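Paired with chain B in one complex and with chain C in the other, chain A is shared by the two complexes that follow.
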Partner chain A sequence: MAGIEFPAELQKRMEETAPVDLLVGVTGAVDVEALRVKVGRLRGLALDGEGSHPSRIAVAYAGVDSDDPVTVTEEGVLLARYPMPAAAGEMNLWRDVSNVQRNVLALAAGWQARACMVVYSDLAALEPETVRTFAEPVLKGGIDLLMPIYPAGKYDALINKSLLAPMSRALYGRRVRWPLTADFCAGAKMLEKLADGSRVKSEAGLLWPANLVAMQGGQINQAGLNVRHAPPGEGLDLNAVVRELVGSLFEEAEANAALWQRTRASQPATRYGDPYPLVEQEEPVDTRPMVESFVIASQNLEEVWRLVLPPATVLELKRMARLAPEQFRLADAVWARIVYDFALAHRMRRVSRTHVLGALTPLYLGWVAGYVQEVSGATAQEAERRVDQLAKVFEEQKPYLVSRWRWPERAV
Partner chain B sequence: MAGAGSVRKEGKTMWNQIGQALHDSMARVMTQIARLLPGILAFIVALVILMVLGWLFAALLRWVLTAMKFDERIGRATGSIAELSPQHTPTMIMTRLLFWCFVVLGVLVGLSAFGASSAEPGVPEYIFAYVPHLISAAVLLFVGNVLARFLSRSVLIGAVNLNLTYARLLALGVKWLVLVLTVAMVLDHLNIGGVIVDLAFGILFGGIVLALALAVGLGSRDLVSRSLERETAKPAEAPAEQQKVRHF
Partner chain C sequence: MASENVVVAKKAGSADDPLWFKDAIFYELHVKAFADSNNDGIGDFGGLIQRLDYIVDLGATCIWLLPFSPSPLRDDGYDISDYLNVHPSYGTLEDFRQFLNVAHHRGLQVMIELVVNHTSDQHPWFQASRHAPEGSAERDFYVWSDTDQRYRDARIIFTDTEKSNWSWDPVAQAYYWHRFFSHQPDLNFDNPRVLEELLKVLRFWLDMGVDAVRLDAVPYLVERDGTNCENLPETHRAIKAIREAIDAGYDNRMILAEANQLPAAVRPYFGDGDECHMAFHFPLMPRIYMALSQEDRHPITDIMAQTPEIPESCQWGLFLRNHDELTLEMVTGDERDYMYLAYSADPRMRINVGIRRRLAPLLDNNRGRIELLNSLLFSFPGTPILYYGDEIGMGDNIYLGDRNGVRTPMQWSGDRNAGFSRANPAKLYSPVIMDAIYGYEAINVEAQEADPSSLLNWMRNMIALRKLFKVFGRGTLRFLDPSNRKILAYLREWDGEQVLCVANLSRVWQPVQLDLTRFEGMIPVEMLGYVEFPVIGKECYPLTLGPYGFLWIELQTPSAGPADEQEE
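Take a look at the complex of A and B:
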């Protein structure tokens, strides 16, 4: 079971009650009473028949108790407790969530579940309609992975829009809006592969479900999910967030280089259900602090940037630092190449990895400043198109990454 | 006339004595060199042989470690080493370590051979006793350099991400503090300078700290006050801006 061991009692009860149609795994500790109320609403849910035959559903949550680890609720749903994996440390944003997600997926594999829906510990996604939207395509349609599309305003999830999603799309060839999510549903074929955390070298490896399934050639679809989770790791500074999320993506790129270099153009990931709701944000944002961060970095970090970026890009950045704040823009192609150059420097260890990612943070703020100024008068829909355009540029620039990855010492 | 002849004769004798003394000392030096030459040659031969052996064994070790995918296997454990010295892979460090072990061994064998073939027993013993100091001083210098570079860059990047305009000054200060500390430790280890080094280090270290304090307090007063004002003003502004722009 992908190297994750469960207590013998839980293992025994799983074998006795296996198989199940769907395991809904809650990632983290929850309010058990609130969970029982939510589980009660799943009564009689038929996910892969014509509606007459209720599916066999198990819901798992993190907790320790001396009683039976698997109980059956009045509604006929199996309720299981699994031990919470050890925390990865206080200063982390997504590592703990990823570790628990892997545990839930391993639990589903052990339970011989036909599908596993991972839901965040706030239980916002544990609603019958949401479970149906996510599990039905997997159970009935044979989809390998269903990813959510969260409602987001034009100034939301900027690290995802500017880097995580476009780079994942360019590398792994799937147009997935949110490659790192709190909620998703995976089919039986993918459970063990997703639960296996031994591919990456560091312990900080996050779980990128869409990228992993894309590398297995699996079918990925998307569905709107109208929930907004409060992000974990409140109070973490931007540098720590960049270090964890971008560092993990770069590490995955290094581990899977042989696979993504073969991937050419991207494929769309079909969307289910109604178009996802977009949040309109009208309030103007002051970009001066971000531009200022970029300018300070360009005055001080040139020696580090020169170790990572080619001279032409450093010159372009110096030119930008002289622009007036209102004219500040980081061209998409330049930004894409910067990200690729940093991925390469991360792999080559030209500078220590902590320093590579630290030196990227002000550049990211530069991109944010330019983007915010560009979309300040646009609607959320127009901003989405702008983000899509950036993702296309990441794809267009992929040959640059492939070439530099193969011949890192060649002059550009 | 007889007196003049006697003086001339005495002068001639003196020149003869000087010539004899020079000749004798020359002969002694040549004899000493002739005695040392086999020792020096033995030292060079021993060093060259062990360097060649070291190079061969290092190449063999590199081949074995590469075949074993050593870097990948211990990737997790060496994360912190790689952070400090990113351009050195574990394989490279191991092979270089082996090579330099052979070089040190060559020096020691050479010195021993030098001692055996030399009539001066005191010199090799003295050098033997000094070799461990030299090795530890070299290690200290290397570690100090790596640490200075790493800490300086960490401070620079950290300060830039805190929007401190005097980031480079801070980084430079940290770098020189570590370097000065390293050099003082190295000299102390080599027993060079004695109290003077301690004194000079104290003055230099204190001087750097004072210079930094003066630079921050007086020279860059406006710059620092602007930075600090911005920092103190941040908490009031940040929450509003943070609510508008969400990174994750």
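Take a look at the complex of A and C:
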């Protein structure tokens, strides 16, 4: 199944105990005692609607020992251990998470699960109400994918807000706030597709569940999830983060060009439950170091920028480099086109991909500096609307990307 | 006792999709002509491996290798003397294996030649046959006769060099049959052992991982008196046996028929999807040139009207030029005369029943014409096949013998020997093209890679664009019938994709009114630049095309405005 093979004993025990309603797959090694406590709380959970029978639930976590790989807890929950895939290396932390997520999804497919909820190894999402919120719509309502909306302040998760989410929305046509997440729930139809890491010919890249399900025409909804994970890349330098996250999104864009170029306009992804309260952040952010990075890069990286960007954009960036920090703004349309031009340069390989992504980082900081100044007096809700406005601009600028993608020599 | 129900796993090919060849872009090349890694003046597998990135960057997905087996090379390798090896000039079997692995690793498929109709007269089978007594198994490998009067209705193919399809062998004291050169005796498919041996050859290469084989000269396998010895039922039985062997042992492989016949005669080579997966559409190619020269779409629409439906799992192979002459066997006498006048002013440009020239010289090096013809190649129903060097507009050398003028070394750079080899120029298997227009100093890969407007970059963009739309490889074709016959307009449709292609065959601007009323309300989006055109209405749709201009237009349904986000 999708190139993922499990030990024979685990395979055998899965066959003996299949099918299950829901597999909750924990992506990584865990404190087993803490896990058992959490699993105990799932007793009697009925996920097929009011009055339904308790659902048959299995919980899988990474780990190996010589005992039976599938046991039944006192609460009647199947508890399984699966072998952890080899790590991709310390600079590829999201890829490790994605690989484990694929393992969990493959496990669910092997177990003939009707749904698979992927939860991060801190177990924050492994609570009965969260499991119900995520799994019930999938089991009951025929939803193919339920994505989380994490609580975030206006200065949080800015790579997601400024690039990953708006570009995903523009390309794949779904308004998903967090296209790359540690927790989500997928329906049976999508398990094999999501587990398949062989689409990108080299090594499997990151798993973008919403983008993949959107390409399959699946139904995607969202629900608030009140947890804050320590992101896997915490402590890494920004260049490494951009390289891994943005590089993966660009790779996916190359692999799926024939599909996303057919998608026109976006569809909303219905949100379940209470919209999660936004986090108000009052702490001011100093934008001067970001502007300085941009200005220095405008001198040091101009050569790369000129190879990647059309003359009009380079001129705009030069103009910006002369602005006083408080006037610093990168217009949304310019930012969207910059991202698209870099996606194209990444595809064309005229400059090494590492250089391309490295040259994007100070431009991202330039956008962030402008954004921070713009929303410094705004509420979290106003800032959300500002981010939504950016996503719309990414959609409006999509024809620019398609045009340049199809005939790369033309740039004005 | 061994079970009779043992299921033997089929050997997988490098492609995942059994119909991979429908979406493929083929790139045909000679190993000897592509790149020389050991500087002996002859291209080799080592050189080819070094240049695979170029093929990947071009966008080709399948390499078609012309014959590379041991051979006396009296017909550029189509005279094979050992089916199970590599000609020492090109490397070793191990080199081939390495090439295959590297190609697969880069996502390329590989097609090789299976020359089934004949061998070299130096092949051990023929040498054994001519020495073997009449009626023996060895003798029966080839077609022998006491007289040269049998099969008199079979035409002679190489009219410039052969006067008969029979030649006298003084050792055997008998005539042997050959449809091509006299040094290429035809194998005798009435002898079942011949097919058995050829299947062993086939399995040898497929086991190694080869993805596809081109069955050379496939209409001529079997001879019968009172027929023209082409396309006989017994020939089709042999092809079915070959296909059966492939389907029984292998997944996702492909066979392509070289049958230079009219489309109706080629149709049986697809069988009911149980013979060849692909066959060349030979007659389309000269008619494209004719339409261009006459500035009239009729030759193209006429031959396509004669083209029958083929099984869903099959595909036409389309090409503008290849390693042979631009063959005129499948056109009428008048059409042939016209083609000679239009495209081969110098008699040296002609050979057999055709014209031995490359694409760019045939089109007077006119960029507009080159682009137009490639746009047809990429948008007609079938899989496009590019001939090495045509993507940079390489020229030919009509002063070289046979068809060698279109088989000169690939022009990589303006360096010595066009960057093909570091050997002494006198040692090259063929001189490089050196004239002022097409010579390697003017036309080469290095220069065109550095030039954003070069033909090479144009080809790369076009190929990449074609690959975004499966409709080109898989869709249906319907011609529109505008009153201006200088305009060729056709619709390709597949799985909800609708693409309108419009081409101006004329050297001057042309207006056209297209009946697109069936698509009223849809938005035409020009595909190269992603430019929206006015919405299609109730009236005929007017377009104007510049000299040799073409448009690819995707017909899109207007999208509903963005709905607001919903909450439940």
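Assorted remarks:
Assume the second predicted complex is superposed on the first by the 406 of 412 C-alpha atoms of A that agree within 3 Å, B and C clash if a C-alpha of one lies under 4 Å from a C-alpha of the other, contacts with A are read in each partner's own complex, and residues count from 1 in each chain.
Rule of thumb we're sticking to: contacts are C-beta pairs under 8 Å (C-beta built on N, C-alpha and C of every residue); 3 or more make two chains touch, one makes a residue touch a chain.
Quick caveat: nothing in here was measured; it's all calculated off a predicted structure.
On the shared subunit chain A, the superposed partners chain B and chain C overlap sterically. If you count the residues of chain A touched by chain B and by chain C, you find the higher number for B.
Once the two complexes are laid over each other on the shared chain, residue contacts for A:289 go to chain B alone; chain C is not touched.
In the superposed model, A:304 makes contact with chain B only, not with chain C.
Contacts of A:159 after superposition: chain B is touched, whereas chain C is not reached. By the document's definition of touching, neither partner reaches A:111: not chain B, not chain C.
In the overlay built on the shared chain, the residue A:342 is in contact with neither chain B nor chain C. When the two complexes are overlaid on their common chain A, residue A:178 makes contact with neither chain B nor chain C. For chain C, the stretch among 6-14, 24-32, 168-176 or 474-482 that collides with chain B in the superposed model is 24-32. Touching of chain A by both chain B and chain C, each in its own complex, is seen for residues 201. Contacts from chain A toward chain B in the complex involve residues 93, 155-160, 201-203, 231, 237-239, 241, 245, 281, 283, 285-286, 289, 292-293, 296-297, 299-301, 304, 349-355, 358-359, 361-362, 368, 372.
Partner chain A is touched in their complex by these residues of chain B: 72, 75-76, 79, 82-84, 86-87, 150, 153-154, 156-161, 163-165, 167-168, 237, 241, 244-248.
Residues 175, 201, 257-258, 261-262, 264-272, 275, 392, 395, 399, 402-403, 406-410 of chain A touch chain C in their complex. Chain contact summary for the complex, chain C toward chain A: residues 107, 452-453, 457, 461, 464-465, 467-470, 497, 527-531, 556, 559-568.
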